[in-house]
């Protein structure tokens, strides 16, 4: 039944597609993914304290645990913002223009999970690349030219 | 890059697919969707008070606002549970068995949004049907026979 | 004052007890508790890396921290779903049929906290057993026969 | 098995009961319940605009919807803080001192739900009274004398 | 005590200021504020159904309640992102460069609350203007030139 | 434009300042800060297990990770409750009475972040002191005398 509905709405989709508020911006996912990348770097750079100083170990564990927890949270938010674009912004007519739409988002979402499960610069970079691709598809679908930049 | 990764993991996917905890169950999405359906019915059945009794109007608005807000929340949770299955449980080898995997989840997720945006028994039933299909794909992929039931 | 209210509502409780949407299912608590059990197993099975390889230690800590954090979250959700049943579904007339209603839920909720505070297969199994008992009380109160199954 | 465990821990319970951080204060529930009471009053006092001025109606609906939504949220938080006390602070030895412990919390939690479902000064006052009783049980169990006050 | 600490850290602040992950971007607040503005417009444009058609009234209330609830949530998120910048990114040395730092953020945060409490295009525009000012202060403090754009 | 608005509202601020519900109490921030202090102590007191017993290490890591995570969460909540007071309760006329209002809250919020980033009794005590000062400003602004007490 979605097929039929979509056919009827095809012409007017640009007007309606943006409900409820029509404000989407892949920058939200990009900012979260940048955090994931920076935190991955910081976890890999963190030095374990030598010796048995209890306070130094507490400080180390505090920093490490927080970095892992924030990486998890940021990756989850990146995934959330990506899936909002996939489920709410993109419509069947976009699928005709971008036949790899589903694969792109599936892989981007799976990269978020990999960034959680591992401490991997490669996966963090994959995620950044995937979001850059989404940025291009998104602004391309609106025939708008918005420059890609990073905050870090 | 996922393609290559997925090929290598193909044989071992059943073992690894279940990280972190391997506990998935489409019942989570089904229970939320049942709430969406019941709340939609209750909104449509709600009688507006006649006359100007302020207390009756406050009670009516309280009930109506709560039903709409809970419907929104339950539809969001149904979407969340569906997308966890799509992004974390289902793997490329499942896509070979279920070529309409992406469309199924895209439509199911879009049905969640429609259930929010409208007060529609049709969309609520569409969502229930989509989740029943997911239930069958999910347990089918595990060669397990779990009966479909509803709590309401 | 609850006593009086409850007396008056006794006959009609089955109709009213289910507001706002009347959809309850102990499966929600069961799925979370299964996650708690699986994560507890995984934490106990996790091998600490020997030697000083920094990357191996980062990976180990990442996995361990995530398992602990997800166990915490799942146990909290199990508790939440249990307490919704206790406070919203069960009514005074159920207490007559199940005089140990309060103790059952108190112990189940305390088992959730124990599963957080310790890495204990015993407490995780206690929680599963407590939820199985809740499953039987719940469906028993509705005179419905729903099979107990697990997703893992 | 809890019974046996509790017997053994009886003497040492005061020391252990306070994990993880030992900071509990019924003031958290009291502050939320005060909000519920004030919002209930405000909803009942709100005047519906006469005539058809669209802007006046939008302002009225905005205020009413927000009051209902915040009442819902505050009642949920009151319930949450109450249930933390019941499941984590209170121990079996307290039950001997306060045999109506379970009923007190069950009724208080049910009052939270009633405050959501209705716009009722009576239920809001019931909730305040129930929390005052919890305040006395809590500080009584610690042999501490803390004055009851309200912020509104 | 902060004064002393800040003096000592003055020279090294640029290096340390960015913990934990150093990724800040006022675009997060801007995107939320755009939603607030669009939703305010949509609420003001919404037509109340004439006559007594129950289904039309349910649809109208559903749309209105959702717009108000989403406006509330988006304004809260705008406030959250603003206050992260104020409390975590900006340091005492920035205060020397921007003596109106505190007033700017106080007013911006109060504009978020006004956007919740009223359906006001003026307040929504005030919030957008305040965030544009924050955008300039933020990138100015980094001597970076990032163009201001909107997604809507 | 805020300046003008504030002048006009000066006389009536006491009446309006309390929207939406007028229930504020610095006790909310104080209770969270007490948790932060207790958890900081507990982290510093925690003994690392000697030897290689895997179960003892799992228990130690479980406790440590939870204490760090709960400290993070409690510090975030303390910050949230403080910022609600700063942005919603305090008005321009209060700034005349308390010229260090902004600095007080900025430092208190920064102390919350320090309590997250470090395991520091000093920062935890700073936070408690800052909240005691807020307690005095708050009740002072209402000409009410409420005793400061702690729950731990």
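For clarity, chains are labelled A, B, C, D, E and F in written order, and residue numbers in each chain start from 1.
Everything that follows uses one rule, which is that a residue touches a chain if its C-beta (ideal position, glycine included) is under 8 Å from a C-beta of that chain, and two chains touch if they have at least 3 such contacts.
All of these numbers come straight from a predicted model, not from anything done at the bench.
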Practice item. List every chain that touches both chain B and chain F. Key: A, C, D, E
Review point. Relative to chain D, which chain has the most distant C-alpha mean position?
Key: A
Point to revise | Interface with more contacting C-beta pairs, comparing A-E to C-D | key: A-E
Point to revise | Distance between chain centroids, defined by C-alpha means - chain A, chain F (Å) | key: 32
Practice item. Take the average of all CA coordinates in chain B, do the same for chain C, and state the distance between these two points in whole angstrom. Key: 21
Check your understanding: So which stretches of chain D touch two or more other chains?
Key -> 20, 65-66, 69, 117
Check your understanding: Considering the complex alone, what residue numbers of chain B touch chain A?
Key -> 1-2, 19-20, 79, 83, 86-88, 102-103, 106-107, 109-110, 112-113, 117, 126
Practice item. Going by the contact rule at the top, pick out the chain C residues touching chain F in the complex. Key: 43-44, 46, 48, 64-65, 68-69, 72, 116-119
Point to revise | Residue ranges of chain C in contact with chain B within the complex | key: 20-25, 27-28, 31, 34-35, 38-39, 42, 66-67, 70, 74, 146-147, 149, 151-152
Study note, to complete from the structure: Counting only contacts in the complex, chain C reaches chain A at residues 54-55, 57-59, 61-63, 65-66, 69
